[in-house]
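Same chain, two partners: chain A is paired with chain B first, then with chain C.
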Partner chain A sequence: MTISGDFGVWIAALLTLCVFSFLYKDNPLYKFAEHLFVGVSAGYYIALNYWTVVDQYLVVPLRATFDGSLPGGPFDARMQDYRAWLIIPAVLGVLLFTRLFTRLSWMSRWSLAVVMGVYAGLKTTGFAQGDLVAQVQASLIPLWIPGNLWASLNAILFTIGLVTSLLFFFYSREHKGVLGGVSRVGVWFLMISFGAGYGYTVMSRVSLLIGRFQFLLVDWLHVR
Partner chain B sequence: MRFLELDRIDRRWIFLVVGLLVLIPLLWPIGLPIVPTTPVRQYHDAIAAIPDGSTVLMSCDYDPASTPELGPMAETSLRQLWDKRCKIVVTVLWNGGAAVVDQTIEHVADEYRARGVPLKDGVDYVNLGYKSGNEAVMVLMGQGIASAFPRDQHGRVTTQLPIMRNVTDYSSFPLLVNISAGYPGTKEWVQQVNSRFHLPMVSGTTAVSTPEFFPYLQSGQLRGLLGGMAGAAEYEVLRKERGAATSGMDAQSMAHLFIALCIVLGNVVHRTRRKEGASS
Partner chain C sequence: MKREIPLFLTAVIGAIVLAGFFVPHQFISVPADYFQRCAVIVVAFGYALGGANLVRVNLEGIARRHPDWPYKVVLLVGMLVTLVFGLFVDRAKFQDPGTVSIWIYDNIYVPMNSTMFALLAFFIASAAFRAFRVRTAEAALLAVSALIVMIGRVPLGDAIMAGVFDHPGLPDWVRHLRLEPLQQWIMDWPQNAAKRAILIGAAMGVMATGLRVILGIERSYLGGSD
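Presenting the complex of A and B:
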């Protein structure tokens, strides 16, 4: 067994062990790793966002537009990203920071209004096309598929699950009698789906643990 | 009755058992069978069905936190695409992801170079990097990939890259391969691109978000689906590879067995207590 000589791997491995120590009980090593993570993450994401978003898509194109280094003038649409129109999102971005000043904070609402308007439009049309229409269409399936008993049973089960689950969320009448029975079946379907969701969640979390152990064993300790 | 005191057990014993059940199979693999399921076969077959040499869009929407689950499926997807001599245009919509995705691409590309396949950055593949804007970027790419990503991850002008000569918008791709950790990811690609631009897509997702995407698979909006580490391992088995996902599945199965046992025992204890309470 030859332990890694990489300084970065050692830092990552020791910090992983510091975080794992919380499983025994809260302690200064865990606190150190936690605070370090929060601080480094904040700094890293600020720098990353500045250089990959603000600089690349705003500062550089605007500078190139106004320093006369590009042909076609500052408002020439042929220049793709090098357009003076970027001044508008730049101003809207700056206005967001007026929230830091109580008397001017109302100005940030203009930027927020643009963001909300754009995303509300995108989300609504996306949901209508991608979920509502497509899913309703996909739910209208034949219950009997000749020559394929398994597919037919699957389709019948799917339809029962769909109808009973929907009726469970029908609150205009008390869940008694037929409606009560049907919605109880719906609850069973919902419970099974929650169970599947829980199983997948466990898989996700265990995968993270496996990932860390693989890092410690392979990258740090070179065991396998 | 000592059995009924199980629910008062110090939870650190449970952590220890889970830790050992994960660690021991990683050191000494058991070799439990991994059988590819239909969604995974569909994912594999959808990629296999595209013409050899096509240019494929691959959006890797994850960051280092999801790498244990999504890294293996991204690597296997790259291998399947490059085995078909496809060219790959990669985008990233998670701001912490561009560097880790770049690392994954280069790692797999180096494997091919070592085997004598001269894969060239900018010719056979390109990482266009991260762009903020989530759904807005997806819609913008529909008007032109290069206008949405004027420069790639390494600052090169996108339109000057050989791989981008025949790439205009979504109509340039036969398939979108999406590796997704959450928002923005598979749901948004289905809503904004698959339904609007009719670009066929397959998706590999974190296990925690997988149940949300089965309706898309049933409706045909997704041509295939990889769910978490299990999906990645099944995909590796289909491709006859033995990657990180396959080697982690013994540990995964053992941990699941133990958690299932805990749930059963917890319910037995709870019911017994309730019965005892009712009878006393």
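Presenting the complex of A and C:
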């Protein structure tokens, strides 16, 4: 058995063991890995957002606007080319940092207002189109498929499950009588769904666990 | 005015972005696209704000000699090193092979990220074992479907039951009761029906919340004071 000589693999393996040590109990090795993870992720995502968003959509276009390399004036904006108008999001971005100062923190609301307005507008139509209409459309399936009893039964079961589960979320009337009975059936379907979702999540985590053991045994210790 | 101006901004910008979906004219689509660009940039600044807050909180902890202060130093050093290499050394090519930034990502971030999530396998299972009791029909449904999906999704689990359901003396339809096809059936039909109902309900909830934000009824994002 030959152990890996790659420094990166050693670091990754030791950090993996540090995180796994939490299975015994909270300990200094885990705390070290945990804090390093938070620091590295924060640094990585700040750099990622700087180069993929701030630099690409703000710094580069603003530099091109003011170094005279673009034809037309600095405010001669058109679709996807906003030139000096990009100073506004730059100012709004800087205003976000007023949150760090109690007396000035109210100014960060202007930046938040822009973000909230945009995402409220986007999500209202986005969810209507992408989720509501698409899901309803995909759920409108024929209940009777000639010559295929099994598929027909599944389609009927699916429709009953969908309608009863939706009715369970109807809170404008008390769940009594017919609505109570129907929503009870909806609860059964929801329970099956939560159970399946739980099992699916556990198995995806187990799959990650197997991946980490494969890394330790194969990539690090070279056990074949 | 500290609340009215943000509410006005949200309403106007929200209405323009919403209208941009229905009105393809440049009078609406250009400002709608511009505001989307603004939001993306402001959100990117938000990451830097998060980093600045992390530095502030941890520096305070170090200055006050909080019991865990050495770990706070580890956090700040990890963040600083990643930032310096990402922003000033590797610069725009920081995700390219051979850079220090991608080495940090591949050998520190990715292994710890996967191991943290892998740990959840133990904690989800132990939490369920300790807290979950099958006392009602609904709880039984949840437990049975979870067990079928968990065992049926691994080759070993399916192979155990295959010996029973693949017996040559049994009719063909019995093979559908093997755990692998059974868990797939659960995922495709009953699970899918309830999941779609949740998605449809959530979509309506998001739409209603979006309209409440635009109309100024939902104001919690402004915070509590003045």
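Everything below uses one rule, namely that the second predicted complex is superposed on the first by the 193 of 224 C-alpha atoms of A that agree within 3 Å, B and C clash if a C-alpha of one lies under 4 Å from a C-alpha of the other, contacts with A are read in each partner's own complex, and residues count from 1 in each chain.
Methods note: a contact is a pair of C-beta atoms (placed from the backbone, for glycine too) under 8 Å apart; a residue touches a chain by one contact, two chains touch by 3 or more.
Just so it is clear, the structure is predicted and the values come from calculations on it, not from any experiment.
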### Query
Just chain B (first), just chain C (second), both, or neither: which does A:M191 touch?
second
### Query
After superposition on the shared chain, which partner residues are touched by A:L92: those of chain B (first), chain C (second), both, or neither?
second
### Message
Quick check for you: in the superposed arrangement, does A:T16 touch first (chain B), second (chain C), both or neither?
### Response
second
### Task
Would you sort A:A42 into first (chain B), second (chain C), both or neither based on which partner it touches?
second
### Task
Could you look at A:L217 and tell me whether it touches chain B, chain C, both or neither (first, second, both, neither)?
first
### Task
Identify the partner contact of A:I3: answer first if only chain B is touched, second if only chain C is, both if each is, neither if none is.
neither
### Message
Looking at A:I156 after the superposition, I want to know if it touches chain B, chain C, both of them or none. Which is it: first, second, both, neither?
### Response
neither
### Query
A:Q137 contacts which: chain B (first), chain C (second), both, neither?
first
### Message
So in the superposed three-chain picture, is A:Y24 touching just chain B, just chain C, both, or none of them (first/second/both/neither)?
### Response
first
### Query
Does chain A have more residues touched by chain B or by chain C?
C
### Message
Based on the A-chain superposition described above, do chain B and chain C contact any of the same residues on chain A, and if so which?
### Response
23, 45, 48-49, 53, 57, 80, 118-119, 122-123, 125, 127, 130-131, 135, 138, 193, 196-197, 199-203, 205-206, 208-209, 211-212
### Task
Spell out the residues on chain A that touch chain C in their complex, using ranges where they run on.
8-9, 11-13, 15-16, 19-20, 22-23, 31-51, 53-55, 57-58, 77-80, 82, 85-86, 88-90, 92-94, 96-97, 99-100, 105-106, 109-125, 127-128, 130-132, 135-136, 138-139, 154, 157-162, 165-166, 168-169, 186-203, 205-206, 208-209, 211-212, 215
## Note on the structure
Contacts from chain A onto chain B in the complex sit at residues 23-24, 45, 48-49, 52-53, 56-57, 61, 80-81, 118-119, 122-123, 125-127, 129-131, 134-135, 137-138, 193, 196-197, 199-214, 217, 223-224
### Query
What does chain B use to touch chain A in their complex?
12, 15, 18-19, 22-23, 26-27, 65, 67-69, 95-96, 98, 129-132, 135-136, 139, 146-147, 150-151, 187-188, 190-192, 194-196, 206-208, 210-211, 215, 218-221, 227-230, 244, 247-248, 251-252, 255-256, 259
